[in-house]
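Right after this note come the structures.
You will see chain A twice below: alongside chain B first, and alongside chain C after that.
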Partner chain A sequence: MDLFLQQLVNGLALGGVYCLAAVGLSLVFGVLRIPNLAHGALYMRGAYGTYYAMTALGVPYVAPIGIAAVVLAAVGVGMERLIFHPLRNSPHTHHMIAAIGAMFFFQSLIQAIWGADFRQMPSPISGTLSLAGAQISWQRIVIIVAAVAILALLAVFMKRSVHGQSIEAIEQDRTGASLVGINPDRVSMLTLGLAAALAAVAAGLVAPLNLLSPTMGAALDMKVFAIIILGGLGSLPGAIVGGFVLGIAEAMASTYISTGVSEAIAFVLLVGVLAIRPTGLFSPAVSR
Partner chain B sequence: MSQRSMPRSFKALIPLSVLALTLSACGGGAGGGDGDGGTITIGYSGPLSGGAAIYGENALTGIEMAVDTLNEQGVEVDGEKYTVEVESLDDQYLPNNAATNAQRLVEQDDATVVFIPHSGGILAAQQLNEGRTPFIIGAYSSDPAILESGNKLSNMIPPNFNGYGPPFVEQTMGKFGKRLGMLGTESEYGQNWAKLVSEEWEKQGGEVLTDNGVDYSTVTDYASTVSKTLSENPDVIFVGGPSQPTALVIQEAREQGFKGGFIVMDQAKFEEMELFTDPKNLVGSVGVRPARDGDDPGVPEFHKRYAEEITDEKPATSEVAYHFQTTAIYVKAMEIAGTVDDPEAIEEALPEALEQVDDTFKVSEYPTTVNDKVHFISENLEAVFYEGKDKYTLFPVPAPEE
Partner chain C sequence: MTAPVTAGRRPAQRSRWLVLGLGVVGAVVLLGAPALLTESDYTLRLMTMALVYAIATYGMNVILGFTGQLSLAHAGFFGIGAYVTGILTVDHDWSFWAAFVVSVVVTAVTGFLAGLLALRTKQEYFAIYTMATGFIVYLVISRWSDVTHGQQGLIGVKLPEGGDLVDFAEPSAMYYLCLAFLAVAVYATWAIRRSTVGRTLIAIRTSEDLAKSIGVNVGLNKQLAFAASTTIAGTAGALYATTMGFIGPSVSSVNMTFEMLMFLLIGGMGTVFGPIIGTFLVVFLFELMQDFQAYRFLVIGPVIVALVIFAPRGIAGYFQKVVARFVDAPSEATTKTVKTRTGEGDGVVPAQRAAVPPALTKEAR
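Let's turn to the complex of A and B:
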């Protein structure tokens, strides 16, 4: 029982990180209709941004994540302007090639600045909580609480604010939204900025548990793509449910089946869901 | 398929390359005539980008440091002065790229010795190096698979990891108990190590639990695999991969309450792990001896230089030290053989070179002989039982049969 509890918390923490990363990717797909293959690289830059703010600028934890999120939002907007906007009328393969190019560029840039060494972010939150025989580190509790809070804020933003509603309007019908006066360019910039900021927050939260390296985004890329296809491309609730399902499934599979299966579980789930519901668990309001 | 068609297209290229070589030889000869002396090119193919970049950079740093020192001291082969240079190419850890790079370094840059720091790349290059243009492979991998081909121009540099099995198991089983948890990395190298340790563990009468190995480089959080391993109540856990993730795996196990010992694969180094986790988490581990604590005469000066010239943020690991040392051995062998481009002659001069290398270069388990598998053998190899920062108990690691 204590092993189950331990793994549930581990799975929820992992799921929280997956969610924050996947939600952004899903939004970008909904609005721009492109799979942003550089999303993992944005996550990686977010981790380095947090690391830099914390070690070089010396600001205490939480603030560095905020700083990294703001910087990454700017990077996201820049990506939209410099890469995806000029390609808006070209075939979809061009976006993918450009995104892969951006990914390699970001990796090389970070390697040029910080080197290829692994880096570790000093964890400001240490210690573990003993709960019914399970040893749960405070950092994981922080991840779970922060992820849930941010996702709740995001939901409010999407449903209540004009900007959030305009994102949703563009997702549903780009032409129709333009007709009622929504500027699709501005929404595209907003979406990529928001997605990059969320990826930065995910990275900043998990960074003290893991190591920073220029290639850290690659492992995440595969998982988040599986999540958004699992949840339904472009669907926000799908990305949230998918993220937590995958995090918990990985933790449980490694406990009750084997660690090898845990690495493959994302894709087993993906095949299973697609066989039964080809549009994913939650298909977006309007599918085209 | 492309490999099979390659020799044919190469044949067609021979006249061209002969022409090119003749032309370039003319150029080189003219340079020599000006009294500049010749050039010895040391080739290097290793991962310089991607996930293993830091490992590849470390190895290259060792060669570069040796080259600088050798040029300061002066190199003379057959009465002529030579300048040593290093040419490096990135292979991203891929065997095929390493083989192509080695070919390029030999054909275009006239390298006679090419260092490759990974077993896959070494095995691929061993298909080429005894062929039309022979060259020596400085094979930096402790995987005994690279000895199996019986290649006479491929020198294994570090100790064969088979030697670590019996003493590592003996040390930990005696101190902690008979149940072994498995938590190594899932690279090919990691799996070979896991096999070695689990077989030896059973041979000495212990029980091996479920294998929970995961690929250290693709896992976002190690907590769940660690929890799984600990749920079977191991006395000792086998861990290892690159030092930094290994340190986190050990830390996670300690945080979840593990009190036993660790068998640490040779890829992970205590001096690097200390920077990533509190040294007290490492107490009770067996592993390879930190490079900076070796007995060889050049050790203190080498580490001082590394801190001053390269970086003082991290210690020089054995990759740096071995490449530094071995580069000097090869250049000394060229001096003794009186040739810079005859691999067989250089290879034959190695035993004598081992005796004559300057003490400055003896920095990492300096070899005493080259055995009949052309592997550099260090007779007094020792490993450590970790008891705290700079506190170890040393124990001998006998060389295994090859």
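Let's turn to the complex of A and C:
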């Protein structure tokens, strides 16, 4: 039972990280209609940004994540302007190929600066909490609380603010939204910036628990894609549920089955779901 | 070269001679390379590797270049081809040729079966689906140690048996073997491109709905194109295994797919000579940039993005456009410019000869 509780918390923490990353990817898909294959690279840059701000600038823990988020938001906006905007009328394969090019660039940029070796970020929050016999590190609790708080803020932003509503309007109907005076370019920039910032926060939160490497984004890419396909491309509640489900499933599988299985869950799930429903689990039946 | 010509006979013939001439020059260079490189086994081996990659890239050309489906499982099938040959020759002491045939058959069958599921999905779902499929292949190869030797890889993959005729331990023999397979791939691409099959695939790339409306069996054609691409990938994988003599799980990694994608994109998607041009160019550029291995993608990444935005049909496609512009002009004076400006391409022929309605041949760029 102790083990179960411990793994549940681990799974929730992992799920929180997945959620933050997946929500951004899902937003980008909803607005720009492209699967951004460079999303994992943005996450990776977020982790390094946090690492740099913390070790080189020496600011205390929360600030580095904020700095990384701001920097990454700028990167996201830049990506929209330089890559996706010029390609807005191209066949869908071209976006994906361009995103792969961007991913290569980000990976080698980070590798050029910090080298290919794994890096360990010093843990800013130490200590564990004993709960019903299980040892739970404070870092994980911070992740869960922060993830839930940010997701709640995001929900408020989407539902209550003009910007959030304009994102949703563009998602529903790009032409219709521009007819009523919403600038689709501005919304695209806002969305990519927001998605990149969320990825950076996710990476910054989990960085002290994981090792950093320039290729750390690649594995995450596949997992967040699995999540948003599971939850339906472009659906926020779907991404949140999918994120926590995958996080918990991975944590449980690694304890009770094997780490290999836990690693493969996302991909098997992805292939399985798409084999049965080629447009995702919760997608509308009508194709667009 | 007795292809039916419906329009623009003169320009088509002119550019045909041009392409033929350039093809002959290219073939002579490729055929003569071992004679020139007797001093440098290393360069010859590098060229052999480039040939193998080029073959695999031709496979990707069929599914992405012609049919317009971004399959990210390509390296997965390349890996399956390599590992079937590797496992059979190393652990089961099969002869290379027997293992090679099994590799080709296995990748054809697994490709066909994978296609049945994968092609139910469309567009971005297809790309994500195939990326996951490719990753599962990679996970199986790197984790199923009992069979694949896991991360250690397989050492001592057999060379092809040449009997008394050829000794494949000789690097130039390996080179010519790979060159022969590449020639088949180029010929097949050329033949597909000018056949009804090719036009059907291009119609699917342009618009599936339109293709369907003129009576194209979209599902079947995509299925065949996918299986063809995996079979070619598997063939290249088997050749890779025997050329290298050593294989590790990384041959099936998603990054390998991305590299092949880059070869294809730089050379030119959907062109006959694009894959060779792209592969050789990038392989040798990488070789030159070996000292800054880590930084090479700093250059390559933005180049990929710029190409997709400004020249989505790559080098071959770009020259094709230039040739088309000059050849279409009737003046004799421009012909000279054409000859100096062009590098490759099957000219304007296919575009002008297309049997599908004009609306379908017009590329949605």
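In this section, the second predicted complex is superposed on the first by the 267 of 288 C-alpha atoms of A that agree within 3 Å, B and C clash if a C-alpha of one lies under 4 Å from a C-alpha of the other, contacts with A are read in each partner's own complex, and residues count from 1 in each chain.
Simple rule for what comes next: contacts are C-beta pairs under 8 Å (C-beta built on N, C-alpha and C of every residue); 3 or more make two chains touch, one makes a residue touch a chain.
Since the structure is predicted, the reported quantities are computational estimates derived from the model, not experimental observations.
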{"item": "Chain B versus chain C as contact partner of A:Val206, first or second or both or neither", "value": "first"}
{"item": "First (chain B), second (chain C), both or neither touched by A:Ile229", "value": "second"}
{"item": "Contacts of A:Pro91 with chain B and chain C, given as first, second, both or neither", "value": "second"}
{"item": "Touched partner set for A:Leu274, first chain B, second chain C, both or neither", "value": "second"}
{"item": "Partner chain in contact with A:Gln111 - chain B first, chain C second, else both or neither", "value": "both"}
{"item": "First, second, both or neither for A:Thr128, with chain B first and chain C second", "value": "first"}
{"item": "First (chain B), second (chain C), both or neither touched by A:Glu263", "value": "both"}
{"item": "Partner chain(s) touched by A:Val156 [first = chain B, second = chain C, both, neither]", "value": "neither"}
{"item": "If touched residues of chain A are counted for chain B and for chain C, the larger one", "value": "C"}
{"item": "Contacts of A:Ile100 with chain B and chain C, given as first, second, both or neither", "value": "second"}
{"item": "Residues of chain A that lie at the interface with chain B and also at the interface with chain C", "value": "107-108, 111, 115-116, 218, 263"}
{"item": "Contact set on chain A toward chain B in their complex", "value": "3, 6-7, 10-11, 13-14, 17, 107-108, 111, 115-118, 120, 128, 135, 137, 140, 206, 209-211, 213-215, 218-220, 223, 250-251, 254-255, 258-259, 262-263"}
{"item": "In the complex with chain A, residue positions of chain C that touch it", "value": "64, 68-70, 117, 120-125, 127-129, 131-133, 135-136, 139, 143, 205, 254-255, 258, 261, 265, 294-298, 300-305, 308-309, 312, 364-365"}
{"item": "Residues of chain A touching chain C in the complex", "value": "29, 33-35, 82-83, 86-87, 90-94, 96-98, 100-109, 111-112, 115-116, 218, 222, 225-226, 229, 233, 260, 263-264, 267-268, 270-271, 274-275, 278-280, 287"}
{"item": "Residues of chain B defined as touching chain A within the complex", "value": "49-51, 53-54, 57, 210-215, 217-221, 223-225, 227-228, 231, 242, 244-245, 248, 255-257, 275-276, 314"}
